[in-house]
Amino acid sequence: MRRNLNYGFLLGGMNMDEKKLINEKNIRLDGRKLGELRPIKIEAGVLNRADGSAYIEWGGNKVLAAVYGPIEAKPRHIQNPTKAIIDCRYNMAAFSVGERKRPGPGRRSIEISKVMSEALEYVVFTEKFPRAKIDVYIEVLQASAGTRCAGLTAASVALADAGIPMIDLLPACAVGKVEGQVVLDLDKEEDNFGEADIPLSVVPRTNEIVLLQMDGQLTIKEFEKCMEMGMNACKDIYELQKAALKERYAVFTEE
Amino acid sequence: MGEVVVLEIVRDHIHRLADHGKRIDGRGFDEVRPISIEKGLIGTAEGSARVKLGKTDVLVGVKVDIGEPFSDRPKDGVLLTGAELKPMASPEFEPGPPRPNAIELARVVDRGIRESKMFALEKLCIDPGKKVWMVFVDVQVIDFDGNLFDASSMAALAALTTTTVNASKFDQGEDFPLPIDHYPASCTIVKIGDVLMVDPSLQEEQVANARLTVSMDEASNIRAMQKGFKGAFTYDELMECMKKVQVITKDIRKKVLG
Amino acid sequence: MRRNLNYGFLLGGMNMDEKKLINEKNIRLDGRKLGELRPIKIEAGVLNRADGSAYIEWGGNKVLAAVYGPIEAKPRHIQNPTKAIIDCRYNMAAFSVGERKRPGPGRRSIEISKVMSEALEYVVFTEKFPRAKIDVYIEVLQASAGTRCAGLTAASVALADAGIPMIDLLPACAVGKVEGQVVLDLDKEEDNFGEADIPLSVVPRTNEIVLLQMDGQLTIKEFEKCMEMGMNACKDIYELQKAALKERYAVFTEE
Amino acid sequence: MGEVVVLEIVRDHIHRLADHGKRIDGRGFDEVRPISIEKGLIGTAEGSARVKLGKTDVLVGVKVDIGEPFSDRPKDGVLLTGAELKPMASPEFEPGPPRPNAIELARVVDRGIRESKMFALEKLCIDPGKKVWMVFVDVQVIDFDGNLFDASSMAALAALTTTTVNASKFDQGEDFPLPIDHYPASCTIVKIGDVLMVDPSLQEEQVANARLTVSMDEASNIRAMQKGFKGAFTYDELMECMKKVQVITKDIRKKVLG
Amino acid sequence: MGEVVVLEIVRDHIHRLADHGKRIDGRGFDEVRPISIEKGLIGTAEGSARVKLGKTDVLVGVKVDIGEPFSDRPKDGVLLTGAELKPMASPEFEPGPPRPNAIELARVVDRGIRESKMFALEKLCIDPGKKVWMVFVDVQVIDFDGNLFDASSMAALAALTTTTVNASKFDQGEDFPLPIDHYPASCTIVKIGDVLMVDPSLQEEQVANARLTVSMDEASNIRAMQKGFKGAFTYDELMECMKKVQVITKDIRKKVLG
Amino acid sequence: MRRNLNYGFLLGGMNMDEKKLINEKNIRLDGRKLGELRPIKIEAGVLNRADGSAYIEWGGNKVLAAVYGPIEAKPRHIQNPTKAIIDCRYNMAAFSVGERKRPGPGRRSIEISKVMSEALEYVVFTEKFPRAKIDVYIEVLQASAGTRCAGLTAASVALADAGIPMIDLLPACAVGKVEGQVVLDLDKEEDNFGEADIPLSVVPRTNEIVLLQMDGQLTIKEFEKCMEMGMNACKDIYELQKAALKERYAVFTEE
């Protein structure tokens, strides 16, 4: 039984010994197959003020990403003379979870912001913008497991929308273990009561892994299966990212 | 310095247009920008609404919880309003704890709700002195093009009128809608030179002398007021504002509730 | 019944249904007529270190105002190249209210500081001091309704005492509605149990309104009456401000 | 650099005067500046006093409330002392949370009260482990011309001796005066060159080598001590200080209580 | 700029050595630095251990207290892990509240303990919903030469396995050892060019492309994982890492517990 | 009975009326004579990264001191053009006391840091390093009364270890009154239940006092005795400091 400070209480009356998250036909509570993603909808260019933006709905998640920059990094002493800094800030809105979240970044948000910044820095041609800063803001408006993956998926679309040169987009998704089986894209109950959760992000062009975290319990064999399933799913998500940018681009050319 | 020069050019332009009865985006002086409202979009919130007022985009989420009342109001539920000007919405907004602009926004939205007695806090008492319903109104600005006061007030009105108190989750009987008594709406007017313009855009706010925000209930009673910016109003201008507010808040209320 | 987190409890045993704030002869609990101010005493030049200062006693309010500046604004990036910044900080002492106030600025103080700064900026010739800053500190030592008006009234006297060129002084006072009647300068009980409260400040020379807030319930007609009563009262307060400065000046010339 | 040069000139001047047995404001080495005391001036406080020590001006307000005792002192009331060096009092003081100078001031004033057992905290117990009287002593510096330690201690003494515990407000019987057992007074001495001067003004503090603050009770017991600044005292100087403190605290106590 | 140049020289040097199968301090790619462990050195802590991993020096203290459980886990004890990168340990660390690096360290150490179910939080319940044991794991870095994750995890493992719950102090029966079920160990691997190196020193961390920290239990189950730095791993590299981790965590566990 | 928020509860069941801290033979609970120090062990040069360091065990205290600098003080506006700033930061580890201490500096730590910085500044030739800063970090790992004296004793050894020119080392120790008698180096129970506590630090070469605080109750006569006892003890501690540095130096020459 995994820890989750935010959602556990929602399941108050539920007796997990009786309830099964996956039935005998390998169908999950929400009707998905083991390797099936929740519905994903991505839209690029949704904000006016930001230099680039994207909105993603992914299962019960609703996440906005906005990009400002590159602009000169300030104060000067934070500048890197050889490349741009990527400063990604992940935030959950007060009303995005069951129990109201107090405003301001907690330890979880700070850690997620850090691993996201590192992942994005790998794909952006930061050396093209010495002394500059690129700000990426991720706002989770409604959360339902997998927000960091939804956020990172949206963030790279927002960077592209801002015209920032990149090696590639960054699709991301979670994979894990529930009732002994490897499953893709855990939903909230699976995340709460499953045995392992691995958010990961892959550079589609090179198949390299740039974001990887895990908690729970897995054998090495199971981890291999997880990685295969997750890396495959990232390819599907990549297509949705490209489609969102094409649609945005199409709108532009029509104007 | 560059910014200062640009601002001067915009100022001149807006003033010159105003002399000819025009606004920079073609609107009439008393014309509010297009309003679009989406209610109930946040499933994790007990109430929510997103309001686009022109290019200004604001999301309000309402959370309801159980807590202790304030010691001086043991029989009243608690209303807490917060606002964050997230850097997502504008390059002017910085990360970190709320600054004076965000605090003023939160307090003006709060007064519009509280002073209009939009809902009776005494109806949100569970156990006097010990347990009351707490209503958190969180304003999140998503895109900023001026007049956050009205956009946020509209979103708060829309969100609160669709809020369900999740009593069953806390074993407090059946869920029930927040008991709404009044429907306040606010209207913001800026003074640019000698001209009064309603619903200022960001460019208009930047060059305005003075700003007045008035909240009225459905009987056109004034419920809250806030003058802002570094300029002044004459008595006559204030009274002219009141007339405008009376008309426009009726319109806005209809749009938000309708 | 209006909200007031600080004083409500002081009236614990009082039954407001029985107690009347205004009697049948239109006399208020403290003996004042509807349009009568509480006693006001202003003294200019009360501090040694500050460049200008004033002390005001207004009914149960005791408020100090101190001015430092103009001096170069620091750090440089806050400078305005065309004029001085006015930074007014309103603060209530921990012991100034019934229940001890925790030190440090709360949301109420920050809002009041903002509207005060804006009002003062209108009357100071800020364009005479580009890149400078003028600090105005308001310390409420004892509070009893109407502190922001008392503070602003003292602040403009302190600015004059500091020799800072101004269009005019800024008298301020509150007006409101109590038991259906328009009344001037609400005291603590009237503020707690009245129906509306309007702090306002007027430039005497031009009759323009530079500070205006309101909460409660008023018809437009009642608001008109309030404004007339308040604007008139500001003229009386203006005389007290000028007298305080004259007295201070007189002392100087005697020396 | 300009400031440094001015400070050097002042330093030389003060040293030269000291060689001739004089101080910059004409006082004798053991002479305290004029003291004026106003008690009970803050009606919203349970006790208050304003002390002017020369041009230094300090206000102390005492608030009394009911709260929980510390877990390791379940039968003791609580004394909490705070000090704020507000920018109103001096251009050197900055807004924001208390810095080391303010914290040292609060703690030295607190020790003077606490260690002298000025009032017995055990007499401020209402319900052991649950409810005790909490005494908040807040020091607000209004005008700063040196020797805040003594000015604040005097104001604290004056305020506490006139404090009424507002028991009736909390339904805890009749109001009663804070039960005072001891009357501590503090005396601060600086060393400038080889000379010891009591009650330093700001200019003297700025050029002093070392500072010693000693708090004594009415029986001339030492109750608290704090050496400050970047210099040193010899043993003999310390003992000379003690003699001066013994005399001066008696004077001060008389003035404050009288 | 100077620093950047020096770093480039170090980077070239480390890469060139790696091409020849060598590391800057002479170790093999899969070789962990010397480990020394001192347990129980802090008498004021309920458990403690100091781990030196090469020149990295980390102290973990465990405090046990009684408190309230989280409302969504009323029957579970509470585990709280904190880490401070004190400026004592390195000129890079600044005073003040924990920054992202310290927060990531605390959270990775925490996950290693929590996800391995090192001790059953449900066994630390005293009175469900009201009183539980709270276990505070505080990581204090004393000297910093890279790989804080593994050094801190080792120290946490060593400290927790020697922790005594001080029940008698709280009148909760006899003291008892923290009931340990699993013994997690972590191994950190960096990728420099195409080479994987375990237990990176500071210089190696500074030039590494990517970092992977994996926590395994005594049955070689993966319990927690954290990829760090701005580079990437291929699938094959990840699987190679897993094999290394399996071997090395066994070694480390033996050394820490032995 | 003196206040001590941290340790008092440890003595919960103890009845202080019966228990005596000093027996009729003037022997203290831990077997020491009135003027006897607890065992002290000092080691210099214990850290790798710091420019200088020292570790001290003193009775139940375990304290580390580290020195960085002199380096240019930043930001520039904190620089003193005529000498170096000494910034000493005293900190207690969360686990160093009976009840876990919340991380971050409290008011007590800030005051101690201030008096320590002032004391150290007296012995360092700060004028040799204009515009520079010397950071001294004191970490109390285990506390048992007298931590500031142990910390200051270690700090001056760490400064010497860093090669920073000084007038002299700074030995420090506490002296006080327990059950009516003047005693040296109070332990935890004596500190909790004694009548007075005086931490002091002396420059051995000149016998000047640079750190001096006191709380409790003492006659002037008793204070004199305390000072004599404390100043003498500082001489003994000074020998231990020098020995620690010699040992460190000896190790170097052997290499």
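Just so it is clear, A, B, C, D, E and F label the chains in written order, and each chain counts residues from 1 on its own.
Going forward, contacts are C-beta pairs under 8 Å (C-beta built on N, C-alpha and C of every residue); 3 or more make two chains touch, one makes a residue touch a chain.
On a predicted model such as this, the values are computed, not experimentally measured, just so you know.
Looking at subunit C and subunit E, not one chain touches each of them. Summarising the inter-chain layout, the chain whose CA centre lies farthest from the centre of subunit F is B. Farthest from subunit C, judged by the mean position of CA atoms in each chain, is E. Mean C-alpha position of subunit B lies 26 Å from that of subunit C.
Each chain gets a centre from the mean of its Cα atoms; for subunit A and subunit F, those two points are 51 Å apart. Centre-to-centre separation between subunit A and subunit D, using Cα means, comes to 57 Å.
Among the residues of subunit D, none is in touch with two or more other chains.
Under the stated contact rule, the graph of chain-to-chain touches is a ring, a single cycle where every chain has exactly two partners.
Following neighbour contacts from subunit A out to subunit B and onward until the ring closes gives A, B, C, D, F, E. Residues 47-50, 60, 62, 64, 66, 68, 89, 91, 93-100, 103-104, 135, 137, 139, 141-144 of subunit F touch subunit E in their complex. On the side of subunit B, the complex with subunit C involves touching residues 1, 4, 70-73, 100, 103-104, 106-107, 111, 114-115, 212, 217, 220-235, 238-239, 242-243, 246.
Residues 2-9, 81-82, 107-108, 110-111, 113-115, 118, 121-122, 198, 203, 206-220, 223-224, 227, 231 of subunit F are the ones that touch subunit D when the two sit in their complex. Partner subunit A is touched in their complex by these residues of subunit B: 41-45, 48, 55, 57, 59, 61-63, 65, 82, 84, 86-91, 95, 97, 136, 138, 140, 142-145, 169.
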